[in-house]
Amino acid sequence: MRITSAVTKILGHYESDNPGVKTNLARMLMHGELAGTGRMVILPIDQGFEHGPARCFAGNPDAYDPYFHYQMAVDAGFSAYAAPLGMIETGAATFAGAVPTILKMNSSNSLMSKDLAGDQAVTASVSDALRLGCSAIGFTIYPGSDASLDMFEEIRELTEEAKSCGLAVIIWSYPRGNISKAGETAIDVIAYGAHIACMLGAHIIKVKLPSAHLEQADAKAQYIAHNVPIDTLADRVRHVVQCCFNGKRIVVFSGGEAQDADSVLAEAQAIHEGGGNGSIIGRNCFKRPRDEALVMVKDIIHIYKN
Amino acid sequence: MRITSAVTKILGHYESDNPGVKTNLARMLMHGELAGTGRMVILPIDQGFEHGPARCFAGNPDAYDPYFHYQMAVDAGFSAYAAPLGMIETGAATFAGAVPTILKMNSSNSLMSKDLAGDQAVTASVSDALRLGCSAIGFTIYPGSDASLDMFEEIRELTEEAKSCGLAVIIWSYPRGNISKAGETAIDVIAYGAHIACMLGAHIIKVKLPSAHLEQADAKAQYIAHNVPIDTLADRVRHVVQCCFNGKRIVVFSGGEAQDADSVLAEAQAIHEGGGNGSIIGRNCFKRPRDEALVMVKDIIHIYKN
Amino acid sequence: MRITSAVTKILGHYESDNPGVKTNLARMLMHGELAGTGRMVILPIDQGFEHGPARCFAGNPDAYDPYFHYQMAVDAGFSAYAAPLGMIETGAATFAGAVPTILKMNSSNSLMSKDLAGDQAVTASVSDALRLGCSAIGFTIYPGSDASLDMFEEIRELTEEAKSCGLAVIIWSYPRGNISKAGETAIDVIAYGAHIACMLGAHIIKVKLPSAHLEQADAKAQYIAHNVPIDTLADRVRHVVQCCFNGKRIVVFSGGEAQDADSVLAEAQAIHEGGGNGSIIGRNCFKRPRDEALVMVKDIIHIYKN
Amino acid sequence: MRITSAVTKILGHYESDNPGVKTNLARMLMHGELAGTGRMVILPIDQGFEHGPARCFAGNPDAYDPYFHYQMAVDAGFSAYAAPLGMIETGAATFAGAVPTILKMNSSNSLMSKDLAGDQAVTASVSDALRLGCSAIGFTIYPGSDASLDMFEEIRELTEEAKSCGLAVIIWSYPRGNISKAGETAIDVIAYGAHIACMLGAHIIKVKLPSAHLEQADAKAQYIAHNVPIDTLADRVRHVVQCCFNGKRIVVFSGGEAQDADSVLAEAQAIHEGGGNGSIIGRNCFKRPRDEALVMVKDIIHIYKN
Amino acid sequence: MRITSAVTKILGHYESDNPGVKTNLARMLMHGELAGTGRMVILPIDQGFEHGPARCFAGNPDAYDPYFHYQMAVDAGFSAYAAPLGMIETGAATFAGAVPTILKMNSSNSLMSKDLAGDQAVTASVSDALRLGCSAIGFTIYPGSDASLDMFEEIRELTEEAKSCGLAVIIWSYPRGNISKAGETAIDVIAYGAHIACMLGAHIIKVKLPSAHLEQADAKAQYIAHNVPIDTLADRVRHVVQCCFNGKRIVVFSGGEAQDADSVLAEAQAIHEGGGNGSIIGRNCFKRPRDEALVMVKDIIHIYKN
């Protein structure tokens, strides 16, 4: 399949990147059921690390096996598959070339004290990503946390190294810490978190779907003064896209907790309408029986194709 | 245009620097409407990182797009354009050679706790500046903050590397922390902050416009004993210039919060009279409609040309 | 002896590793009385460091001598011998080639304050392992401790270096800190700790034998909802194996405190039934008279051979 | 001028140093009005960094200009001129070869919190010293402060690098922190601080002039038991020289606060009588009118010449 | 003198070390009055750094001069001379080849706060040891202190580098911190501290002479249960030797505070009987008149020769 004009346009936005990075962005944008559309669906499997294996996979024991997720990524037509070091290593040779992979470079976990909850451990390197044939590295930042400045400096170093090696950089931007619980998904905070990720040099930004809540007083005043449209989910997605350098950076959205398929599809519809580049779907995928998950992903893809 | 004697004189003050650094200083001093005058106007766009995107750009949505600022820098005849990594990357190829750029190497943000407010994250590298064709690196220090010694050590390392690569070094010196709110812009404190930046090896120093307040008792005694003139803004600018190695280092001033055009121009007039090298204008530029901003910058430049 | 199909199958699970790593895994899997079976018994001697020499060896003074343990490892047919730097150095030439060795890279001790008890000191390097002819490095992590994220980052770096040099990586995963005393061996916690070690890229995971206790509320809910079998020790071993990438990583179990031989053998039986890869036996070995220990290890090996 | 026997004898004490270091020591010992005498007068200008520019220079505005101090060092016949990075850079080419320079590598400042007052920031590198043609590096330690161990490790690294590059190392040893105010200049403390600097490998040690106060009980007992003469300033200088490896290291003394010329000369006389190697004079120089300062330095030199 | 069988046997215990390390161990074991006996007496002079110069040398002013100690080491027939950087540098060329030297790499001091008393500063490097012709590096650890894990990691790095360069490694193991004052010299604690030093890869271990006190409850139970003989000083020395890999590592003992000659000799006698490798004698040497010290060392050597 030849590179489409939609993808060519997107690649053009990464005008400072070397051909290696563009090649890896193209690999993800030209793979799976959404190949060539400029949209993406990404399968992330780091929940075993984040929440514990049984809490994630007890209801679907096949999912204890790393092959299960690789196969799901291939069969459902995902654009890429993201996971921590051990997960990628266990299937990287068997599934070599079958799906672009994203090495998730840092991870949190649910055993540690809440006091550490604003931080993560860096658990892989750019060299690991290269030797495992990955197309990109993934990294979580927590803007607002006490560890945030350190996390920004960690991803800065990894970003420089990754870009020099032709790898794409995906930042998961999850504000927390010096923010209320509702504020973590407030539209002003989500948009700000996405903007910070862009400023840090991310090629692809992953954020949670924002609510209509406004958290910061100074920002709230501006949203009201200028009537920024944030009533519908599509409005809010559109605003986040705007805050990602006016659409010059790819932004994808996650739903979070597992929920019914209709809700998932409604969210995808709103992302599509708001001009978001796609979805990142983990728990809503592997917490379903495989056949059910395949149908749901197919339906999501159908939305993005229109 | 040939190098003017005004610029030759300034370059002569950087007698320890290699030709690479002098070339990049010359690029900024010989660019834009003030080329050859020895004066500079710099456009800095890091407010989206510092304060959040909507808070900055909601009133002028074109400004969400990094191209907007590059184009403004070119059209208004700025001497240079300064921004963090992501902003520079997004336009560096399209605007290659159109305006000298300054890579802002560290950034604060408004999501984090006040406890961290005396620190910033380093978000770019000298290698980034080189691959993006920048003429200089920019770095903020907070003399007086608990993180100040660490920040001095960070910029020391970056300065050594930047100079060895022929890049100019610009320090934003913003005292805070162990200082009263009024003291942050007190003439003794601003002058001290500028002097520290000079001591750290900066080629260009950026400070806020100082008030006539005197913060530190030991310093105050000397200002009074020796009748140091600090009554007018021009007096205070002149004193800051003096504290920058008696004018042997370039010093530019920022106004801060957006305000009416007349105030901005009055400040530029005082900087001009006091022998300051110019203005750095961010919010007062992009928070206006583009046409209005272009007129205001033109008026500022007019002041410096006389 | 030719590589058996059992071993070939296991090596196949390490599909991302270079031939050097596979060779060293094979060395351990093809050595001693369990050679070729896919099972392992490992002799670890770091208790002198951890608890003090007299507390460990006063009852069996021959064990003060490092040769004693090397000889035990050889005579009892262990698969490998693990110890800290000084212990390995003292016998590495005399016993060169006699038994695969694992250099234990970090250690705790009983002199230090309880405040440090969630951390260990790194006391050896990958270069040390190479110059001493070791087949693997060993490293303890304490998931849940305040030092856990730092420990994950330490082993991440050592793992990358070890793998690039063809050394296998064994992680001792001992949750503690933000966990109740009973929780340290709770099945959900042990399984989670094993999963984290897998995620970090360990080739072999060492955990304590889990109890039927469930520590974390969110995990407990899933175990109950999905009727995960954890009643017998064999059930629990089976569940840990499942959490080690569905058996794609080798997992071995330790008993801990010295106890009567029947208990040790009953545990080995349960590990065997649950599909665990073997036992790691320290105090239960050297705290017995040598002849008694040899018999006990022989009996353990007998269990695993069936 | 040929190397004198006095200088040859001193150079002989640095028997472990390479010819590069000896050459730079010789440059300082063979320069200025005291060339060849084995005595030194050093001009240090870092007070603008330490105390603020106006507090230092408001009474003598010519001194805002870095050239002023270089010219003073040349005209007054100082042995060497010491200053931080920015000060040296601004005149290093114009005054190349005119006076040996010492790059002061770390600095404190008066804006920061007292909580940081036991520490300094490292603001230059050995590479900086080399590219600027310096003969030595200078570094302040605060024995007794909470940062003291870190400072010792910093200077250790810089010393190793400097010596390998043929640069001399000068340590400013200023005990403080875990010491009473009077104790900071107590003879036992000053002597101990000088001894520590020697132990750290300094070629030249700079201390404050000691008082007859005895600070530490265990030390005091020894001074009394053995009747160590410390009554006169010359006695105390002699004791400090003794504590500097029995005179095998160069030790120079500073007076501190500006004072009348007679006091300064009396101090020089005592240093001379006690066998100290010279004076380091900053504020007592630039806080005077230039002509007055030149006379005073001439008188000091006259004392050391006899 | 040809290598004796006693020395050959000892060198054989260092079976993992390269010929460079064995050569340097041999240099110390084949030097001075105890050459070839397998016993050692070491002269350590770091007390000026640790306690202050006058407190150490006021009673014997010749000892302010570094040559004094070098000459003492030579004249008294010591096996080696240990001192910090500055002390070694001052005599290393004059006494080149006259006595093996040990560069003491870290030091404490009596000016700093008790809060830092569980730590030391690293004040020299392996490169320093090499350029100064040393045979070994020396390093103090404080097992039990809050800084202990960091100290273990420091010596680990230095040990790896030193061994790779053919230098021997001597660890001063002084438990403190999380231990009672009496516990610092308790037999269980001293033996544990010696064992940790062995585990860290030391070639030679230096500990204080242990008392019959038992500090740790779990250890105490084992000493009692197994009737470990610790009544006499010789018994306790024998037990420490046992805990040093059953005598496969050299262990030497220090007495500490200056005391009468008979006590010093009685201690040496006990060390000799218990199979310890020798004494390390500082204050008991230089706090005496030189002639008296020479006699005392001669008497000690006489004990070890029998």
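Should a chain be cited, it is by its letter among A, B, C, D and E, assigned in written order, with residues numbered from 1 in that chain.
Assume contacts are C-beta pairs under 8 Å (C-beta built on N, C-alpha and C of every residue); 3 or more make two chains touch, one makes a residue touch a chain.
Worth saying up front: this structure is predicted, and the values here are computed from it rather than measured.
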| item | value |
| --- | --- |
| Shortest contact path, chain A to chain D, counted in steps | 2 |
| Intersection of the contact lists for chain C and chain D | E |
| Superposing rotation of chain B relative to chain D, computed on C-alpha atoms, to nearest 5° | 70 |
| Rounded Å distance, chain B centre to chain C centre (Cα mean) | 58 |
| Whole-Å separation of chain centres (CA-atom averages), chain C against chain E | 36 |
| Residue numbers of chain E (touch at least two other chains) | none |
| Cyclic ordering of chains (reference chain C, direction chain E) | C, E, D, B, A |
| In the complex with chain D, residue positions of chain B that touch it | 13, 15-17, 143-146, 148-150, 152-153, 156-157, 160, 164, 175, 177-179, 188-189, 191-193, 195-196, 198-202, 216, 218-219, 222-223, 225-226, 228, 239, 242-243, 245-246, 248-249 |
| Touching residues (chain side chain A, partner chain C) in the complex | 48-49, 51-55, 58-59, 61, 64-66, 84-94, 107, 109-113, 115-116, 119-125, 127-128, 131-132 |
